[in-house]
Amino acid sequence: MSYARQLLDSYQGTVNVDVAMLAATIDAISDCAQACTADTDADLGEQDLTEMVTCIRLCLNCTDVCTATAAVISRPADWDADVARPLLQACVAICKSCGDECERHAHMPHCRVCTEACRRCEQACRELLDAMK
Amino acid sequence: MSYARQLLDSYQGTVNVDVAMLAATIDAISDCAQACTADTDADLGEQDLTEMVTCIRLCLNCTDVCTATAAVISRPADWDADVARPLLQACVAICKSCGDECERHAHMPHCRVCTEACRRCEQACRELLDAMK
Amino acid sequence: MSYARQLLDSYQGTVNVDVAMLAATIDAISDCAQACTADTDADLGEQDLTEMVTCIRLCLNCTDVCTATAAVISRPADWDADVARPLLQACVAICKSCGDECERHAHMPHCRVCTEACRRCEQACRELLDAMK
Amino acid sequence: MSYARQLLDSYQGTVNVDVAMLAATIDAISDCAQACTADTDADLGEQDLTEMVTCIRLCLNCTDVCTATAAVISRPADWDADVARPLLQACVAICKSCGDECERHAHMPHCRVCTEACRRCEQACRELLDAMK
């Protein structure tokens, strides 16, 4: 069981969304941030760098958006949907773009791994957004 | 002239928004992230901590959202409004909440400074959002 | 298998340390950053806040140091021991202090979880430092 | 006067280093993080990307180390030299490397700006380290 889940299970206040779903989303977002950081470095090691520029830029944005989103939703007290919702929407948008671009390079193992991380993160954020309605 | 402005002035590609406005927004967001980090620490030094809890939580979220937003809009190539817009909206929302809460403690010098940083950041993000329409 | 491990396994360049150890360290550091973020929020929900101030401050520093360290060691190309070594040392120092403080509150489930995350991270960083000698 | 300085001037506890120097260091580090983020994006827009790969990697590490260092030294309560010192040393090391590499590209305006930001940050961190002895 991830630390995110263990910490949410120990939470004493009210959490307005399902704890298992929230923990899974935090984990998916954190994993995606890490995958994008590593994929950026792997992209920079490729021969045809011109082909990788868009992928690198998207991975950099994805890392930053995911890092902020994971942190904010890890603080369920004083949960503010006016902050969490647009953040999760930004996360969905960048994970979609980054996942699509990585999929174009899915013959490169690092981009294949990063595609999976982005898809899982996008899906988890969509589900959390749906649950917040 | 800030580094943000100098770097945007040296930018070779197309930037879809006014460079002076974009640079000012980056600076206002970076300053706000820094002010909120320092204000969190100052809040933790106050006698009546119960009074400061909401302020601390908002400052923590504000730092994280501002840090991501400043980074993403510092990469004007492949600018994606579907990512930048919700990020800036999240930034406006958290700066409004954090600024309001800090203003309630405006008799504390550190919260007075942080109020100003949040207000400037909120205003700059609103102007950039308006310019993106 | 974590994304960190999968991405390192796909790495085409030379990695100067054992890949399994490096991946495990990245995972332990990322997990610790997440645990400290969540523990900060849980600490802020405790009744006796005065008792939690040091814990909160250490968790905040631990999150920031871990986030930077995980990112830097996720970029094994151009590995620079003059940067990685002091970063890992800072990580060991803050995880030791934060783990010790959390252990003082081990009757609180959230601090018990965070203690474990800090201890694992400290141990992983020490092993990586030893392997770099 | 920067927010860092205003917030430190309002600080009620004991700060173990000169407040003006500490504030100037926080500002120099924050500015360097921002410059390196923007320079990464500008590097990715250059024609000869192979020439820029090392610069990009160093800028990415520099951003991450600077962000963590600025945050930690913005929390002067419970100042722990065993954490702050290696962090500042990591910051000096990466700013030196990144500044040297950017200087090699000083004919590119964005790398000239980033060189200046790295040099100022390195110098400020060295002075703070000297003052901590």
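For the reader, a short list of remarks on this structure follows.
Every chain is named by a letter (A, B, C and D) in the order it is written, and numbering of its residues begins at 1.
One rule holds in what follows: a contact is a pair of C-beta atoms (placed from the backbone, for glycine too) under 8 Å apart; a residue touches a chain by one contact, two chains touch by 3 or more.
Please read all numbers here as calculations on a predicted model, not as lab measurements.
With rounding to the nearest 5, the Cα superposition of chain B on chain C corresponds to a rotation angle of 180 degrees.
When the C-beta pairs in contact are tallied for C-D and for B-D, the bigger tally goes to B-D. Comparing the contact residues of chain A and chain D by number shows a mostly shared set, over half of all numbers used being common to the two copies.
The chain with its Cα centroid farthest from the Cα centroid of chain A is D.
Centroids built from CA atoms put chain D at 27 Å from chain A. Distance from the chain B centre to the chain D centre is 19 Å, each centre being the mean of its Cα atoms.
Residue positions 40-41, 44, 57, 60, 67, 71, 75, 77 of chain A each touch two or more of the other chains. Arrangement of the chains shown, judged by which pairs touch: all-to-all, with no pair of chains left without contact. Residue ranges of chain D in contact with chain B, taken from their complex: 2-4, 6-13, 26, 30-31, 34-35, 37-42, 44-45, 63, 67, 70-71, 74-77, 108-110, 113-114, 116-117.
The touching residues of chain C, counted against chain B in their complex, run 40-41, 44, 49-50, 53, 56-57, 60. By the touch criterion stated above, chain C contacts chain D in their complex at residues 54, 57-58, 60-61, 64-65, 67-69, 71-72, 75, 77-78, 80, 82-83, 86-87, 89-90, 93-94, 97.
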